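I have a structure I would like to understand better, so I am pasting it below and will then ask my questions one at a time.
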Amino acid sequence: MTPAAGFTLGELAATLGAKLEGDPGRRVTGVAPLEAAGPEQISFLIDARYRPAAETSKAGALLVAESMSGLPGPLLRSSSPQQALIALLTLFHPAAAPSPGVDPSAIVARDARIDPTASVGALAVIGAGAVIGPHVCIDPLVYVGPGVEVGEASILHARVVLCEGVRLGRRVTVQAGAVIGGDGFGYVFDGGAHRKIPQVGVVVIEDDVDIGANTTIDRAMLGRTIIRRGTKIDNLVQVGHNVEIGEHSIIVAQVGISGSCRLGRGVVAAGQVGFADHLTIGDGAVLGAKAGVAEDVPAGERRLGIPALPILQTKRILAAQKHLPEMSRRLRAAERRLAELETRLGITPGESREPGSADDRG
Amino acid sequence: MTPAAGFTLGELAATLGAKLEGDPGRRVTGVAPLEAAGPEQISFLIDARYRPAAETSKAGALLVAESMSGLPGPLLRSSSPQQALIALLTLFHPAAAPSPGVDPSAIVARDARIDPTASVGALAVIGAGAVIGPHVCIDPLVYVGPGVEVGEASILHARVVLCEGVRLGRRVTVQAGAVIGGDGFGYVFDGGAHRKIPQVGVVVIEDDVDIGANTTIDRAMLGRTIIRRGTKIDNLVQVGHNVEIGEHSIIVAQVGISGSCRLGRGVVAAGQVGFADHLTIGDGAVLGAKAGVAEDVPAGERRLGIPALPILQTKRILAAQKHLPEMSRRLRAAERRLAELETRLGITPGESREPGSADDRG
Amino acid sequence: MTPAAGFTLGELAATLGAKLEGDPGRRVTGVAPLEAAGPEQISFLIDARYRPAAETSKAGALLVAESMSGLPGPLLRSSSPQQALIALLTLFHPAAAPSPGVDPSAIVARDARIDPTASVGALAVIGAGAVIGPHVCIDPLVYVGPGVEVGEASILHARVVLCEGVRLGRRVTVQAGAVIGGDGFGYVFDGGAHRKIPQVGVVVIEDDVDIGANTTIDRAMLGRTIIRRGTKIDNLVQVGHNVEIGEHSIIVAQVGISGSCRLGRGVVAAGQVGFADHLTIGDGAVLGAKAGVAEDVPAGERRLGIPALPILQTKRILAAQKHLPEMSRRLRAAERRLAELETRLGITPGESREPGSADDRG
């Protein structure tokens, strides 16, 4: 996919808006990690942890931050090296433009409307009344249910399922295997059995949302589950019915969000976090990995732990916990010393109990 | 999908067995959430948390519990409002009856038996010897393996996989992407490599079970993995080989159940709970969110925490934990005071250790 | 699938290298669990927990360890009973050899190379330039992306997705629904929105790796995500971009491994473990169920807890935690006794604070 000819460092400096230290005529033909790069490739050092690898790298050039010092060889210095890296990778790996049109093996409902610039892959199924926008790319074996709308330039990777009535905005990317619009998990126990509450709402995904592989987003019981503009969701995440996630949030892999939660704008939920149902999580809140969120979180708060508490509080508790076995011994010793003092002073020693010697659940 | 004409409140009251306060001739054309409902729609107030939204709702009528007081406007009062809600939603959103027959693009093995009232969607694959019962609905891109049996009126949503020999009862619903009958995870280390134990058992799903999107239920090593009648399983749940789940249990999203566990009847496992292998969980046991269940749980017990303990015990521990940093300081202060007293009384002060100043792992 | 005629115990003893106690001419026609086995079936007792079931089993014979004593009836004694069980199950349930060839309903790119001994199932899609090795078995509805390589005798179960450029070694088994090679989760916030870092690397799966149902393994941002020889991965596991997992490791269901982690050889991660990003986990490390691994783990270490600590330390902390509510009460009592002693000796009592009566976060 990489143009064989590659680019000169001078061309790259100009395109990336970077400052070149080295020969502008030198040519590189690809991007590679520090350890793997050879003299014909460019690599990068953005995370300072990798500095040793950068020092021994055989790369023909390095993309680095402006302030990075003491590295030999040709450097491309950028004031925003992460953005420059995105540009560099895009330059060498331009996204393949799928050819427009519907693969003859796809099964498309007669009344589905597919923009002529869209691409529908082999054995995809497009349901009745679905509307597929311009430049949409639908991979093989995707299922688009009846009445679904997919906005301009969205990408559905292989085997994605969009159930009936789901609406996707523009430039939405859904990784393989994700299921959007399955029924929410709502039952009423009637004394003998769990009776299902019909799940008749929809899912709305706004513009520029990314959704990870095998993630599941349930349709609303009534109304809509909504993922707002710019939010990025990782793999194997569960989003319950009637959830709302605000703009530009980050939901890391294996997070579970129970029904009717409202997450604000710019929320960050790290891996394996769980949210109880009906919670309100304020804008910019940050939930640490594996947190068990059992109550509302105000805007801007950072929470950690099970149950999730303010992060500093949890860190203090965890630090103290490490000494808990020792505290237990010290408490026993203090009680012995107290008893000794009390005896000396003619007081009947206090009736402290030993752990385990009595019911400690009272 | 909603009949344009809708229903009058009088018709609804009669159908739902509800008591009407308001004009029986007033007509509503749909159900909507409190915030979204307009005068032509009916909404509902069952969870008292939403009372403020009910008070400002523009809904043309509200379904409420008999005892609910102080709400204006037309009311439908029901003695079992949740059941009435199910009826109401079903009335306005009747399940679409798929047309019977096999889509010409489906690939059906010659000796598969498909009831003429069943529906098989586009690009579904039905393996050799499979038996599909009356009124079964199989969505597009579903894979039904060889020898699988699917009972009457079951629904397989898009892209479900039923591996070889899996047996589903009647009225089973499987959401998109679930995999039933994958190999269990069983290996023997022979000193050099992990050798796989053949997984030659099956999975049996009884009547009225629901299974969530992208959930995985492994086949038994030998014998069967069994999900009993009426149990409801949410999305992204893992059920290991040879597990048995009793009737009418509730397994919430992202729960993991290790091999050979036996869960009783009416067990509730909240989100992200994990069960170690070979456990016996009694009837009606309740496991709180994220619990790590490491030992058997007697019938009717409620457990919480990692590891899971009786819920009251865990709550007391969690409450005490919040004060742990303070307890640590107070213990140090008490030790200083003890030393002071001991000095005054001419005793050599006790040899208590400061946290961190010595090995606290002994 | 079982040969109707079955095998005599004498034949089994010879094949399994076991010592027979009983009639070598007796014939069994299948393997069954202890409770379900009848006189025509052989069962096994390897895990001593099942001894009571073995004693009442109606099985026609039992496979047991050499040292097992006191069991009636025909016994096949093996010095490695687990290996013998594998052989026994394989004997009665030989893996079905799929017939070679490409199903006419599969969609195969013109320039894909498929070995004539490979089998490609109904409605599978094989992308441009893919290379499918000898005796590979590809089930229905599988998606093999452009440029993918699948090594000899690998098995892709129904609906697996291998994204562009993924490389599988020999004898790799992928359970249904797994997604290998989805984009990694990498974004840079530019002040207004999260901008995606192109994920242009690949995934390499070495020989003899097993991958579970609906598991997701992301492609590298650059370079490769690699799962080394002999490693076994369970269902619903998340493997982030640029992760490396060493040989013969065991990754149990619902584990999450964040980007750029390096797990060594023979690592065991129990169910629902989570790894923070960029960690190095040494050879043979063992992570207990639900552990939250937040820092590097040296080779051979066993860790448990959230955050994960050496297992003995965590166990001591958990044991002490059970007594925490009682410790809190005893500390209060000790403070009262101290105050009493101080009063007696004319000292102003220490200023200890009651829990909850003041800010305990300072």
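As written, the chain order gives the labels A, B and C, with residue 1 at the start of each chain.
As a convention for this text, a contact is a pair of C-beta atoms (placed from the backbone, for glycine too) under 8 Å apart; a residue touches a chain by one contact, two chains touch by 3 or more.
All values derive from a computational prediction rather than experimental measurement.
Asker: Can we say the copies chain B and chain C touch using the same residue numbers, with more than half in common, or are the two sides different?
Answerer: different
Asker: By how many degrees does chain A turn when fitted onto chain B using C-alpha atoms, rounded in steps of 5?
Answerer: 120
Asker: Quick check: how many Å separate the C-alpha centres of chain B and chain C?
Answerer: Centre-to-centre distance between chain B and chain C: 23 Å.
Asker: Touching two or more other chains, which residues of chain C qualify?
Answerer: Chain C, residues with two or more chain partners: 123, 141, 159, 177, 214, 236, 254, 272, 306, 313, 316, 321-322, 324-325, 327, 331, 334, 338, 341, 345, 361.
Asker: What residues on chain A touch chain C, complex-wise?
Answerer: Spelled out, the residues of chain A in touch with chain C are 31-33, 36, 49, 80, 82-83, 85-86, 89-90, 92-93, 95, 103, 105, 121-123, 139-141, 157-159, 173, 175-177, 208, 210, 212-214, 230, 232, 234-236, 248, 250, 252-254, 271-272, 289-290, 306, 310, 312-313, 316, 318, 321-322, 324-325, 327-328, 331, 334-335, 338, 341-342, 345, 347, 350-353, 355-356, 360-361.
Asker: Okay, in this complex, where on chain B does chain C touch?
Answerer: 107, 123, 125, 141, 143, 145, 159, 161, 163, 177, 179, 182-183, 185, 187-190, 193-198, 200, 214, 216, 218, 222-223, 236, 238, 240, 254, 256, 258, 272, 274, 276, 278, 292, 294, 306-307, 309, 313, 316-317, 319-327, 330-331, 333-334, 336-338, 340-341, 344-345, 361
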